[in-house]
Structure formats: structure tokens, C-alpha cells
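In what follows, subunit A forms one complex with subunit B and a second complex with subunit C.
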Partner chain A sequence: MHTVLQRGNSILAYALSVLACLTFLCFASTVFLDYRTQAKMNTVKVVVKNVPDYSASREKNDLGFLTFDLQTDLTSLFNWNVKQLFLYLTAEYETPNNELNQVVLWDKIILRGENAVLDFKNMNTKYYFWDDGNGLKGNKNITLTLSWNIIPNAGLLPNIFSHGQHSFKFPMEYTTSRV
Partner chain B sequence: MDIATMFDDVKRMNKRQFLYQVLSFGMIVSSALMIWKGLMVVTGSESPIVVVLSGSMEPAFHRGDLLFLTNYPEEPVRVGEIVVFKVEGRDIPIVHRVLKLHEKNNGTVKFLTKGDNNSVDDRGLYAPGQLWLTKKDVVGRARGFLPYVGMVTILMNEYPKFKYAVLACLGFYVLIHRE
Partner chain C sequence: MDFINAIPTHMDYDGQARAERLSRYIITLFGAVGLIWGYIIQQFSQTVYILGAGFALAALLTIPPWPMYRRKPLNWQPARDENGVIIKEQPSKKGKKK
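Moving on to the complex of A and B:
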């Protein structure tokens, strides 16, 4: 006859293989979906200062300040294999020092079930916009893009760019007043 | 099946059969090693699968979740990606998200990371005096995610006695069990 140990073993093995199979089906059912969508963004106030960066080199670096508007509806991105979206707003630009600079200015975690219709007006950035040097003053082409990293229940971790971006320029003069 | 009958199996084996059991045990160990080393070649990462050990990326990753990494040199690091990196003087690699990135014309990249669940960036975690990470610090970039599976590893590392018990039982079973 089958002992308790043998019965337990086969129940456990069967349960685990069913679980693995279901997890794989969950992954396979969502792996080819298109997770891109529209986002509208705009900058409101843009100034630049030249101050010492005590968190890094202590040299005087350009520090940008901006406020932004952001409108997007991400409800359609959620399905049974999206546990969380990690949204991030990136400023991308070129300076004489560096060919490519990417700075995340703001980010937000949206879990499944939370409100995914965003409409922000005149938001402050979450992180400081430090340049690596003095490349912000008079910089003519800073591109803001919204992207999201999809965290599934099980599966791939893609980083997706939204349709729609916004370009702006920094003023030619440093601001000396408090911002 | 009680212990006496289990040993009966061994008694009934001759020398040739016992050697065969030992060899098949060796096959299991070496094929596991081959799969691991093969994954290293395919993914280009020195550690293609890592277990999340801290809660600094919650709610995306919890303790005991499994991450699959790739580290292809031709794929550039970009902001918003989750990188696994090593810091001098720390044994355990850290899984955090890239927050800022500066790339020069000659291809050298420096970047700063932050954990989603941490309120400040990682400069405090880096080696003293280190302000940026570079490509050589990176172990891999997270591409796939599987929840809970790494819990077994954490249990084994936290309770070494449990680890030895499991290993002893498995080894014993493989040697004793007759196909």
C-alpha cells in the first residue's frame, strides 16, 4: 500500500507542477501584448542655478528647477499579469561634456487596482536636476519622456516609452533668487 | 516503507549496482553545474539568477523573489533599468534602479542608482569616496521575474542546519533508492 509519505510526496509534486504550469500560462498569455500608450506632458516654469553640489563633487554644477504638467491614462496597461507599474519621467539631453545625459526627475509606483488616470498640474520634481558640469544654462534641447517599467506576477520586466514627449530649453542666464 | 526495508534495497544491490547509484548521483550534480555554467555563457552574466535579499525594491520585489539577469556588453545601460551591481567591501550584490546616467563620447558611462523603497540614492551604500557606478561594477540587468522561488535559498542560508539536513536526505535518497 501507499504510505502517508508517498501520498504526501505525490500531492506536493502534483500541486507544484500544476502551479508551475499555470504560472507559465499566465506569462505566455501576456508576453506579446503592446504596452505603449499616449502621455501628454508640458513644462511650466524652468530656471537654472549654479550652485555647489555637496552630495557629489562639491564643485559648482548646474542645477535645473522645473515644474511640469502630466496627463495620461494607464488603465489599459493593467491585466492579470501586471502587478505594478513603475512610472518615471526622464530628462534627456546632450552637453559638451557628455554625449548622453539621462536624469530621472520624478517617479511613481502604481499598483494594480490603484487609480491609473493621472492629471498633474504644475508638479514639482521629486529629484534634483543636477547636471554633470555646467551644461544646463542655455541648453536648447532637453527632452522629457515618460516611461514605465512593468513588474509582472511572473515574466519579463520590459521598460516602455510612452507615445508623446516634450522638448524645452533652459534660460540663457542663471537665476540668483531663491526658487 | 520503514527503514529496515529501505536498507533491504541496499543489501540486495551488488557492488556494480551500488557504483551505478553513485555515478547517477554524480550525473545529477554535474548536470546542475553544466546548466549554471551554460546560463553564464548565454546571458553573459557571472550570476545569471539572483535571489532578492532585501526589501529595498518593494513593492516590486520582495525577499525571496528570483530575478533572471543578462549582461550583454553591446546593450547600453539606460535610466529606469534595474541593475544588479557589486560594491567593493560588500559580499552581497545589490539590486537597484538606475536614476541618473552620463555617457561620454568615448563610451564611458557613469550612473547612480536608487532602491524604489529607499528615500535617498545609493551614494551612501557605495564604497567610501565612490560617487558613481561604472560598467565594470554591473553583474547584470534584470530581465525576468519569478516570485517566491528563492525563499528556499534564503531558508537554507539562514538555517545552515536545515541546509545540511536537506542535502543529507537528498544524497541518502539518491544513493539508496533503486530504479
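Moving on to the complex of A and C:
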């Protein structure tokens, strides 16, 4: 502590240690919170086509098209340790080939301070709903779930499943016209 | 050059201890206040800014060798030669500690 540089080094190191403690306390104050909440989903229009998947094998695979409604209020999820939410809508279904298929159809980033009350009507999906075979036609149980990944200042990056899901079925026939 | 060298830059031992203690108190206090305030308004950035202000204040108060850290100088025995006779101090030579 007898030179200017030593004192500067000492208080900088101490301030950074305190900052680390504060960050840990911020993490500890939010780690046990329940980040689940209600989300209402619905599908409006559902069709399935059988078209070649040029991005993969060029074989004809099932491609689903759907539009959906989504209603949820995520305002309560934000606190001082949440910088943003990454929402994603997943379709889960079973085929003879695979016990569990999961396809992300749509996603959205909500920064803290942005409007977190969502009310979407008749939204198109953002990503293609490809099956890796012919598992979509006539599939009776496709489940849509909304999940979110919480991006914090400090701590864990949990993936949270919302309460509420929606199940629908694909038609028995392929659509051949343009959709 | 003599003028610059004449500026006292040292702290005495007691001053060093007080400077360290003061900086610890200031940074801890600002950190605690910042944590509480940040939690109240739910903005962790405010906590960090308040801690930063505490760091700046502590740096200003304890890094420069202010005169208040020089109030208890050590009382050195006068220098003696081998016969125990006190040697007269040279006024121009100011020995720097350490």
C-alpha cells in the first residue's frame, strides 16, 4: 500500500471481488423463481404435402403447413436477471420410425422492455415442417408446445416449457395445389 | 525539477492502513447500497454503476498520497557514527523510504 500503483491495484481488485459477489447475489435472488406461465395455442389451417426435399435426400418427404394462433402474457417473467427471452414453438409427434420427433416451427426474441403480451392470429410458421419420411399424413397426434430460453445477466440458461399445449391432426390426404 | 521532487509522495504506515481501510469501507458500502437499490428497481445495471461510483470515490480519496495520510511520521533516531556521536543531517539529501 505504499505506492500509488499498489493502492490502485488493491482497490481495483477489491472492487472487482465485490462485483463478483453482487453478481452472485443477483443470480441467487432469481435461481428459485418459477418461470412457467400460461400460453394458449391453436391451429387454424393444416395441410400436408408430399414434395422432394432438395436440402436432404431429394426423396419425397412429408411437408406440413400450418397457421396458428398464440396468446400469452410473459410480462411476469422479466426481472433484473432476465435480459431476453427466446421463444420457440415446437411440434412433437410420434412416427413408426421415431418415437419422438421434435420440430421447431417458429421462434421469437423478446428483449426486456419490449412488449411481452403476445396475441398472434393466423401466423405462418417461420421454418419448414419437414418430416424425415411420410410420418405426417394422417398423423393423429401432433402436439404444439411453446417454450422459452431465458438469457440472464448471470446464472443458468434454463429452457422452460409453458403451461398449455395444443394437439391437432394432419389430414388423411396430400394437398397438391399451391398453399 | 527540484520543485517536482520536493512534492511529498509518501504515506506513513498509519496512513497506509487508514487508506486501505477507508477504501474497503467505501466500496463495500456502495456495493451494498447498489445491491439494494438495484433490487428495488429491478435493474442490475444500476447496481454496477453505483459500485463503479464507489470505486471512483475510493480511488480519489485513497490513491493519491493526501496530506491526511502523513500525520504520524516515524520518529527516527538520529544517525550516529561509530563513537556514538550524532552526525549532523544533510538538509539537501532527503532519503526516500523503501
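What we mean here is this: the second predicted complex is superposed on the first by the 178 of 179 C-alpha atoms of A that agree within 3 Å, B and C clash if a C-alpha of one lies under 4 Å from a C-alpha of the other, contacts with A are read in each partner's own complex, and residues count from 1 in each chain.
Criterion: contacts are C-beta pairs under 8 Å (C-beta built on N, C-alpha and C of every residue); 3 or more make two chains touch, one makes a residue touch a chain.
Keep in mind it's a predicted model, so treat the numbers as computed, not measured.
If subunit A is used to align the two complexes, do subunit B and subunit C fit next to each other or clash?
After superposition on subunit A, which the two structures share, subunit B sits beside subunit C with no clash.
Does subunit B (first) or subunit C (second) touch A:45, or do both, or does neither?
neither
Quick check for you: in the superposed arrangement, does A:140 touch first (subunit B), second (subunit C), both or neither?
Neither partner.
Taking the superposition as given, does A:12 touch the first partner, subunit B, the second, subunit C, both, or neither?
Only subunit C is touched by A:12; subunit B is not.
Once the two structures are placed together by chain A, how many degrees is the angle at subunit A between subunit B and subunit C, based on Cα centres and rounded to a multiple of 10?
Value: 40 degrees, nearest 10.
According to the stated criteria, A:111 is in contact with first (subunit B), second (subunit C), both, or neither; which is it?
After superposing on A, A:111 lies in contact with subunit B but is clear of subunit C.
In the overlay, answer first, second, both or neither for which of subunit B and subunit C A:101 touches.
first
Output check: A:155 vs subunit B and subunit C. Expected answer is one of first, second, both, neither. What do you get?
In the superposition, A:155 contacts subunit B only.
Quick one: classify A:126 as touching subunit B (first), subunit C (second), both or neither.
A:126 contacts neither subunit B nor subunit C.
Name the chain, either subunit B or subunit C, that contacts more residues of subunit A.
Touching more of subunit A: B.
Let me test your reading of the model: by the given contact rule, A:88 touches which partner, first (subunit B), second (subunit C), both or neither?
It touches subunit B, and subunit C stays clear.
Between subunit B and subunit C, what is the shortest CA distance in the superposition, whole Å?
It comes out at 7 Å between the closest C-alpha atoms.
Could you list which residues of subunit A make contact with subunit B in one structure and with subunit C in the other?
Common interface on subunit A, subunit B vs subunit C: 23, 153.
Report the residues of subunit A in contact with subunit B in the complex, numbered from low to high.
Against subunit B, the touching part of subunit A is residues 3, 5-6, 23, 55-57, 83-84, 86, 88, 90, 97-104, 107, 109, 111, 127, 130, 132, 147, 149, 151-157, 159.
Can you check the complex and tell me which residues of subunit B touch subunit A?
1, 59-61, 78-82, 97, 99-105, 110, 116, 123, 131, 142-147
List the residues on subunit C that touch subunit A in their complex, please.
Going by the criterion above, the answer is residues 9-11, 16-17, 19-20, 23-24, 27-28, 31, 34-35, 38-39, 42-44, 47-48, 51, 54-55, 58-59, 62-65, 97-98.
Provide the residue numbers of subunit A that touch subunit C in the complex, in ascending order.
Subunit A residues touching subunit C: 1-2, 4, 7-8, 10-12, 14-15, 18-19, 21-23, 25-26, 29, 79-81, 153.
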